[in-house]
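Next come two complexes, and both contain chain A; in the first it sits with chain B, in the second with chain C.
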Partner chain A sequence: MNARRGKPEKAVNGSKAVAVLRLYVAGDAPNSVQAVLNIEAICRDDLGGACDLEIIDVLQHPQRAMAAGVVVTPTLNKDYPLPTAQVVGNLSDKLRVLLAIGIRSPEND
Partner chain B sequence: MTPLRSADIAKVARPRIVQPLTKLTTGIEGFDLLSHGGLPRNRTTLLFGGPGAGKTVFALQCLVNAVHHHHASGIFVAFEERASEIIANSAGFDWGLDAIPEKQIYFLDARLSREVVKAGDFDLAGMLAMLTAKKEEIGAQWIVFDGIDVLLSRLQNPAAEVDEIYRIRDWLDDSGLTAIVTTKSEERPHESVQYGFMQFMADCVVRLGRRQEDRVASQLIQMIKYRGSGFAAAEFPLTFGSSGIEVAAGESTSVPGRASTQRLSLGFSDLDSLLGGGVYRGSSTLISGLPGTAKTTLAGRFLEAGCARGERTLFVSYDEGEGQIVRNLASVGIQLKQHVDSGLLHMFSARTDAISPEELFSGLKALIARHRPSCVVIDPLSALARSGSSITARSVASRFVHMVKDSGVTLLVTALSEADDPVAESTTLQISTIADTWIHLSYLVLSGERNRALTIVKSRGTAHSNQVRELVLSKSGLSLTDVYTGGGEVLMGTRRWEKEADLAESRSRMLAGAEIERRAMDHAMARTEAEIKLLQLELEQQRARMEVASSEALALEASSRSRETGLRTKRGNPAGKASTRVRSKSPR
Partner chain C sequence: MIDGSLSHALEHVQSELLDKRLSGVLQRLIRGGPEQQAIEAGEIDAIIDYSDSNVILFPAARNALRTVAPGESGREPVANSLLAALTQQEYQRLAPSLESVTLPAEAVLHEPGEPIRFVFFPIDCVISLLPPTVGRRTLEVGLVGFDGMVGTSLALGVNVSSLRARVQIGGTALRVPQARFLSALQESQTLRHELNLYIYAELAAARQTAVCSSFHLIEQRVASRLLMTSARLRSDKFFVIQESLARVLGVRRESITQAAGELQRRRLITYSRGNLRILNRQGLEAASCRCY
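Coming up: the complex of A and B.
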């Protein structure tokens, strides 16, 4: 199964490819806490650690969130590889997260 | 901010800082009146209605007015449309939105595009944190959540929706912002999950709706609830004008006390004198009549007289175009062109088909506000009833007459009557009850011809003639003619002319008779005088003849006496005796 939009620019699994992910959360609101746990698991298990993940607390940095076009929390922005993508929710639906960020996971083949 | 589990939020009763209710005017005149002063300050107003009902316009207009009138600032959170679309769509209104800097109205695009993938539950905690930051930054007093239902529906979870509504409510309470939240109403609003909760969160609930009458759609606004305040609960018509939403409410229910005693000429001296010098300034006059009874002509005269006094006037026509009216009125001696050119007279023509009476009304209102006339003609007002329901038309007509009267404008409206009976006509729009003066024009058909007749049906505060007059139109203008009433009939037109001619003829016949008589007398007198002269002449002749005769006699006597004397001398007789004898012997 291929990426949802366009082809991934590089082979992913085990390679040097790095996904740039930004997760915007609202303090330790339940959905936000959940999302942090979920994305960390995905980075570790599905991307083999090949990801540049930053977690931004909107309560601390509202301006950054606004500039990034974030409306609700939690929101995951995939800034790289292109095209960019946005996922909202606590990321409990792992399959949808992986499809959205366009990175294939070996388990889902 | 203390994080709360969303399930807890619903349970925790936060102490609300209850301030006394104060209101902020919205700048939408009719709405401020129906809500008795505007929206509740520092509280939340819920606006709901179907698509295209004007929710976004209403909310944004309130915000723009707050910026313009109160130097306030606010945040507009757009959930449904892109902020840029909303700004572009409001370019048609005279708000000057693009001139308002971002720090006065901040637009937040809160649209979750369809491309955004939803992977699990989310909440609005982050967005509200961002809004708090923005509010601090620009010092906002207002906030609009436009189309909140769009975002909430993306939760796909009724329980979560309710939680988020509570979250928003609590945030609004804490923030102290004056808020407007708009949401679409479903076909069956009572079944919508969030609807009941939304009503609960708001102190003021306003419904925007649509109504279809005949084939004309009209829009309306209705106040559903207003905590701690009275309001007008009726449905009020709503229209979109150049200033945005206009609400046709609150034309004052009380009748103003002041009344002018100044008489204004109708530009038609015959009619003025029937009305005791004209109509009162600020009064309303209704001219009803069948087509072609010279209603427009009378209306034109009224405005021509107004312009001649140097007053600003407005001619609204729903029948004919401007050029046509000016041309037609010129044919009966009413010159409007010069006044149109000088700008004193503003002519406005419009078609009324398929336009709701409310729209016509708001158009007229804007026109009057713009031109500020002191005399207005609506020709015909009955055009209002052409589309939509007659009930709406009636209410619009009466509101219009009241609105104009309240502003001190002298109004003249014409109404087309279907039947040639003023009583039947009066029911169409029922303006006749509001109008101060009612002039009815009709045709009287007699002896195979139609003549225009004018009756003053009523005229408040004025002694007026009850008699039917004939209205005569000619190149030189209008005139009212006394009619002949004889044998219970009114004579007009040719019949009146005949009657007049008859009278003239008999008068001239009489005159001629007198002349003949006078001449005959002259003649007789002249003859008598001539006879006197002749007799005098004869007398003189006779006198002369007598003189001649007497002088001859003297001469004769003298000669005979001298002859006697001669003879006596010869005979030597004494003079005395001889003469006596001689005289007796000769008689001559």
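Coming up: the complex of A and C.
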């Protein structure tokens, strides 16, 4: 987690990202670590790596979190595609994350 | 002032203050909203207080960050408590600016009214904080060791010292230039938080000194001062001359000779040519006024 903190994970082979995600975490706190692992697995397994993921540590950058309307951590913001969406918690509910990202519709499940 | 029992008490106060603050922020959340649901599910580590841009950690995250971060980083144990409380990232950012310096006994780090050029994080030295007085006699209002920092007024926005900071027992400290310290303070919420608590403890100790110097017997005060020094140094043996003790306690040298003689007679300490050793800590605590 620390290697990628604050740096965007670019889409594989320069292909267009299907989602632009920002995950707001509190350092290496347990739920934050869990959320990073979960979103990385989703990016890899469900988005085929085609996501632009940025992990932001609110302990280092509280202003960025406030500018994005984040109240608690972990919080995942989906900034693209529109409409934007937000998921709070450790992202262990994969279906909820996929619905928020918009790659699965509620009718299909 | 922060010996074992007091540091536990301070930790407790800190935890209670944070919990109170946390519950205040929690009350502002939308009832039944996604944040509240996630908190109830135990999936949240921290909440942001928009009123002052602070991040408040939940107790579990607080504990985890304190215990996990240093181990994961593989970082060397830091011998100053304030620096040890920093997260791995915060410490790594500050580390290049930390300069190890040897401070000889009697060296003056700050004079009252002078700008603070460096802050000092003691490792195995002890520094007295002395307000300006007339003549030779003075009164110590703070004693800084491995658990503290010299130059705390910077954290309150004042870059001029109101006290003389004089090395009481020589040793090693880490120093940071004023400007770098101020930027670290901006960057690190942990440092701000730890310093707030430390400054609170310093203030409480100074208030206690007022009571102690007015109401307690010299022998009790000497016992307290020896225990305080021992706690700051993490050692039962140290070098302290009678003149120096008399100066910081604001009493005559003869009074120190008499008090130290009585503590020796009761086999609580040995004291010869400045070499002091605590023989019976419990006994010395009982003989002290416990103002430390």
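Going forward, the second predicted complex is superposed on the first by the 87 of 109 C-alpha atoms of A that agree within 3 Å, B and C clash if a C-alpha of one lies under 4 Å from a C-alpha of the other, contacts with A are read in each partner's own complex, and residues count from 1 in each chain.
Methods note: a contact is a pair of C-beta atoms (placed from the backbone, for glycine too) under 8 Å apart; a residue touches a chain by one contact, two chains touch by 3 or more.
Keep in mind that this is a model prediction, so the values were computed, not measured.
Annotation: superposed three-chain arrangement on chain A; chain B versus chain C shows a clash.
In the superposed model, B is the one of chain B and chain C that contacts more residues of chain A.
Shared-chain residue A:59: touches chain B and chain C both. By the touch criterion stated above, A:100 is placed in contact with chain B alone, chain C being left untouched. When both complexes are overlaid on chain A, the residue A:30 reaches chain B and chain C alike.
In the overlay built on the shared chain, the residue A:42 is in contact with neither chain B nor chain C.
In the superposed pair of complexes, A:85 makes contact with chain B only, with no contact to chain C.
Of the two partner chains placed by superposition, A:19 touches none, neither chain B nor chain C. In the superposition on chain A, A:51 makes contact with neither chain B nor chain C. Clashing C-alpha atoms with chain B appear in a single stretch of chain C, chosen from 39-47, 255-263 or 273-281: 39-47.
Residues 25-32, 58-59, 62-63, 65-66, 70-74, 86-90, 92 of chain A are contacted both by chain B in one complex and by chain C in the other. The touching residues of chain B, when paired with chain A in their complex, are 1, 3, 5-6, 108-113, 115-127, 129-130, 132-134, 151, 154. On the side of chain A, the complex with chain B involves touching residues 24-32, 34-35, 38, 58-59, 62-63, 65-66, 69-76, 85-94, 96-97, 99-100. Residue ranges on chain A touching chain C, taken from their complex, read 2, 25-32, 57-60, 62-63, 65-66, 70-74, 86-90, 92.
For chain C in complex with chain A, the touching residues are 29, 34-35, 38-39, 41-48, 50, 53-55, 57, 60-61, 64-65, 68-69, 72, 87-89, 187, 189-190.
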